[in-house]
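What follows is a set of structures for review.
Next come two complexes built around chain A: one with chain B, the other with chain C.
Entry: the complex of A and B
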């Protein structure tokens, strides 16, 4: 998915020399939080996103409906709110669980080595043998329109990236002099984890997490766009684009709204990960 | 060299086997998750809806072993798959093989066109950016970054509206004429070329800074000839290797772009069968897509290994030899 759509690509892409701008991660993080806050607040503030008004379809943006209405007379602003809520919720949730699974298995593989390491690697390779979007599509097909199916598919494909980052890094750290010294001083594994493994990994994990969220948002939108993701009546960004396409001649704003919102969301997430990378890796 | 080919063959077989098992198991559970009693459904398909009764359903259940435990049915299912019995479409009734055979050609056509276009665009953009530098490099960098961040379906949507709806240069969708392939191929190519351009540029930067390239210019070789002689081989390899990394993007893009532009390929068949819950076709199309990914992945990897003199000789000891040949 996507992923899914770009993580694998970005992870191995050459580092492009960027202008020495000191981008702060706080700005994109603030925009993201504002977006999430708006999406949550629209549960109470906006109109019902499923309420149809067939006498007022395709209305232009105005006082009653700030962003107009769609082909069934539903309020577009409210639908955007629901779409962002669903997308971001699923994406943040799946990326967070994927971090936990990937980090846990990566640490386990690095710590134990041997057959545990081989088994984890085999599992990761096996999952990577099928493109992520196909996984999500197939698992989503098990229970059409069910969010848990999409969620499981996203987690299943996203953890591999974290695992593949954590395992070699943690192995290198575990073999370092300071960890050996700590162990000889008698500190336990938890101490090693907390003070030697976690600090150098946390920044990169946060960056990868941000990528994973962006990828999940894109994957959900791509699936919604081809009508195999989240099902109506629940609103979804990609699905809103497909719905708006036939009315492009009469109401181009209907298509523009989800396109712009998706672009902004993904852009914010990507600049967040770039800013985090600069903050932690310089 | 035989070692490389042997390991490639082994890799294809293991990964293909894995893809088949995963797709098979998922499809099996997909069938079981369909509503209603499978025995009644199959009996209705055989004898017609008016002739189904509990007795005929029971006969079907006994004949097909539908009352066996799930794991035994699963083994039978995977066994069928292993012997290439893919079954028939539950919607159109034709065999899955016949249904999917033409789609593979369409998908390969589109992917190849998109990939060639992406490489051409990427190499041209990357070379211009590195040779010219200045504001044009800046613009190209920005464009590449945006393209790499954009999902294919959004690029496709914008191209469709811009080139086909507003300018009316190209057909919106369809299949058959040469002009039909332009829009979907361009969509995928734009999604891929940003990364390629960045790879080309960063490799080219090393080449242009090398002594060999400086000497080539000092001895009076024109820029074009110097680039062709010294930069082309050095750039070609990482570009090829990188397109292996991009295969995921290409395959995922194909699924979405084919659906958007009504291109009758494997991705289109997959999405339609998912919408129709036509499990045998879902299984066949997912299998085909997964195998395509595995085969292309191994092809690119093997080609890189065979073309790279450092890897062909078996180790990195002669690295400096082939570097700027």
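Entry: the complex of A and C
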């Protein structure tokens, strides 16, 4: 009874309850996993995405080619599989490395302060001063068509966001009474990191990570669309759109497939981060 | 009692919609113009729910039944019916004026706004009324300044003037002295009394018995959603009838018997500060403070807020450094010098179960974990509390757990920084008694910081006053 009373008294403002269905991160996560599983499985199950068949170009979806063929007679379903595989692989990899770099530098800056802090901030500001896509283009130009160049470009622009989130939060936590109390009891920095810094940050990091993956997928498609990203004959969503553009009159499904797939992928990633945010805020 | 009735409450009940549990039970009262009513009770007693029902801001999860009538308007605690009365008939006096006043506007125009928009006065009249109101509370010299240029106390008065200009007849004040020291509380009491102009009624909700006494009028004592006693404030406080009221009154630090045993003279000081001085920028906190504390001795530091009490303790602990002077500690590991925080919640890793956090500590220093059980018993703590997260334990219990955590380390010195100021009266007395008993039993030196001179006197061997500037 008194427990109920206290909760009722402290609940000054009416609490807006989100229905548990919309708050569950499992549904978008499941769709994302299914997408990734299909992309990987298409290595063995689908036809060779690079096989050209000039006698059967721009075929409509049918029994032989479920989603039809493109202007070189290649199987669209197989190409979509390869495109998602490449996109998600690069995006997940770069976002994950960006989290590590951003979190490490953010913690370093918060912990040491002084010139380390200033140097890290300067670096972050310098990178944020130039649009992200431009960075990716610049670095991509050093080694045209190389995946590692795209990868480093994406990481370089993505870590700043994590750094800017981690640094002030960690700094506030490090100066708090709870950390002071733990230090006075004789615990070391590792313990402080594990039990004071990590728990409040982890949820937000996961959310930001999911956003960063979505951003990277979009960036890769944008680069592919202007023909500077992944090189042919490797399939890539943006590049497939460019290739399909001249034929949208005869074969609209050719353009629709990568567009829809890109939209679904980004939507799923964003709803995943929204769901994660809800879960950790509640 | 021919005066107009400004608040009439009949058989008001508040219950939780989900379970139907009764949170506030059947109260009947009438508050006439020029009267004062003070509701008193501990946190969780339902007094805030009562205030919320009057002003119509009860959370959606709660449901009212019965009758509430404000100056002749039936509101029954419904927001839709109460909201039209806000400002012009009933007003809530701001608790933290810093967050309710606009930092981008000068004082006079924003005070005049409430006269213009709420009381529908023309601008020249509104400005004149605002100036008159400011003058009445002695803050007219601040009329053309901004919020950041005036002190907290002045801002509070400005807030009261702004709230009062709407012409409301019924004033509500919810915990107006939360977190204030004695001097400021005195001022707030005077302010509340002064803000009640002609024909207004004042309803104050507080856990502060001193404030209730200073305000006078009628006193209503609430326990677990029930009104247990009601009557003239002076009479209720000096001659309480109900058992709960008696316990409340007895728990006022001014009535405490000494909590410490006379000190046995033994050995050298555990901690010594010599000629300590500290200043922040241009502000001098203290100069040449000498302090020395022996094992088992409780030394209290008092002084008004901002005089450097906490800083002195932190310097002794070594968390902060002094500008001048030196601190000599007995040669034991640094973790034997511990601190009790004002907010015990701030002293624990929030996501670690208490038992795990304690076990971490036991493992770290190779302590005897078997002592946890007896120590818990000594501090009258139930063992199952340790299976919870810090946020799931009440403030009083958590403060005792953090004391237990320090005692586990066999500490040489504990700096207790307002350890009970956030606790209810009765819990405060229990907790303070246990702190004093345990630290003496374990021969631990204690520096106690408290804003309450009565509490400091009752629970220490020696008192140090910091003058402040």
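The rule is simple: the second predicted complex is superposed on the first by the 260 of 282 C-alpha atoms of A that agree within 3 Å, B and C clash if a C-alpha of one lies under 4 Å from a C-alpha of the other, contacts with A are read in each partner's own complex, and residues count from 1 in each chain.
By definition in this document, a residue touches a chain if its C-beta (ideal position, glycine included) is under 8 Å from a C-beta of that chain, and two chains touch if they have at least 3 such contacts.
None of the values given here were measured: they were computed from a predicted structure.
**Q** Taking the superposition as given, does A:195 touch the first partner, chain B, the second, chain C, both, or neither?
**A** After superposing on A, A:195 lies in contact with chain C but is clear of chain B.
**Q** In the superposed arrangement, does A:270 touch chain B (first), chain C (second), both or neither?
**A** First partner only, chain B.
**Q** Once chain A of both complexes is superposed, is A:176 in touch with chain B (first), chain C (second), both, or neither?
**A** A:176 contacts chain C only, not chain B.
**Q** Name the contact category of A:187: first (chain B only), second (chain C only), both, or neither.
**A** After superposing on A, A:187 lies in contact with chain C but is clear of chain B.
**Q** In the overlaid three-chain picture, which partner chain does A:218 touch, first (chain B) or second (chain C), both, or neither?
**A** It touches chain B, and chain C stays clear.
**Q** Quick check on the superposed pair: does A:134 touch chain B, chain C, both, or neither? Answer first, second, both or neither.
**A** first
**Q** In the superposed arrangement, does chain B or chain C reach more residues of chain A?
**A** B
**Q** Scan A:226 for contacts with chain B and chain C and give back first, second, both or neither.
**A** first
**Q** If you stack the two complexes on chain A, which partner ends up touching A:262: first (chain B), second (chain C), both, or neither?
**A** So A:262 only meets chain B here.
**Q** Which residues would you name on chain A as touching chain B in one complex and chain C in the other?
**A** 1-2, 4-6, 8-9, 12-15
**Q** Touching residues of chain C toward chain A in the complex: what are they?
**A** Of all residues in chain C, those touching chain A are 16, 19, 21, 23, 43-46, 48-49, 52, 57, 59-62, 224-225, 317, 319, 333-335, 337-339, 341, 343, 346-352, 357, 360-361, 364-365, 402, 405, 409.
**Q** Looking at the complex, which residues from chain B come into contact with chain A?
**A** My answer: residues 15, 18-19, 22-23, 26, 29-30, 33, 141, 145, 148-154, 157-158, 161, 165, 195, 198-199, 201-203, 242, 245-246, 248-249, 251-252, 255-256, 259-260, 270-271, 274-275, 277, 282, 286, 289-290, 293-294.
**Q** Going by the contact rule set out above, which residues of chain A touch chain B in the complex?
**A** Residue list for chain A touching chain B: 1-6, 8-10, 12-16, 126, 129-134, 137-144, 218, 221-222, 225-228, 238, 241, 245, 248, 255, 259, 262-263, 266-267, 270.
**Q** Residue numbers of chain A touching chain C in their complex, please.
**A** It is residues 1-2, 4-6, 8-9, 11-15, 176-178, 180-182, 184-187, 191, 195-196, 199-200 of chain A that touch chain C.
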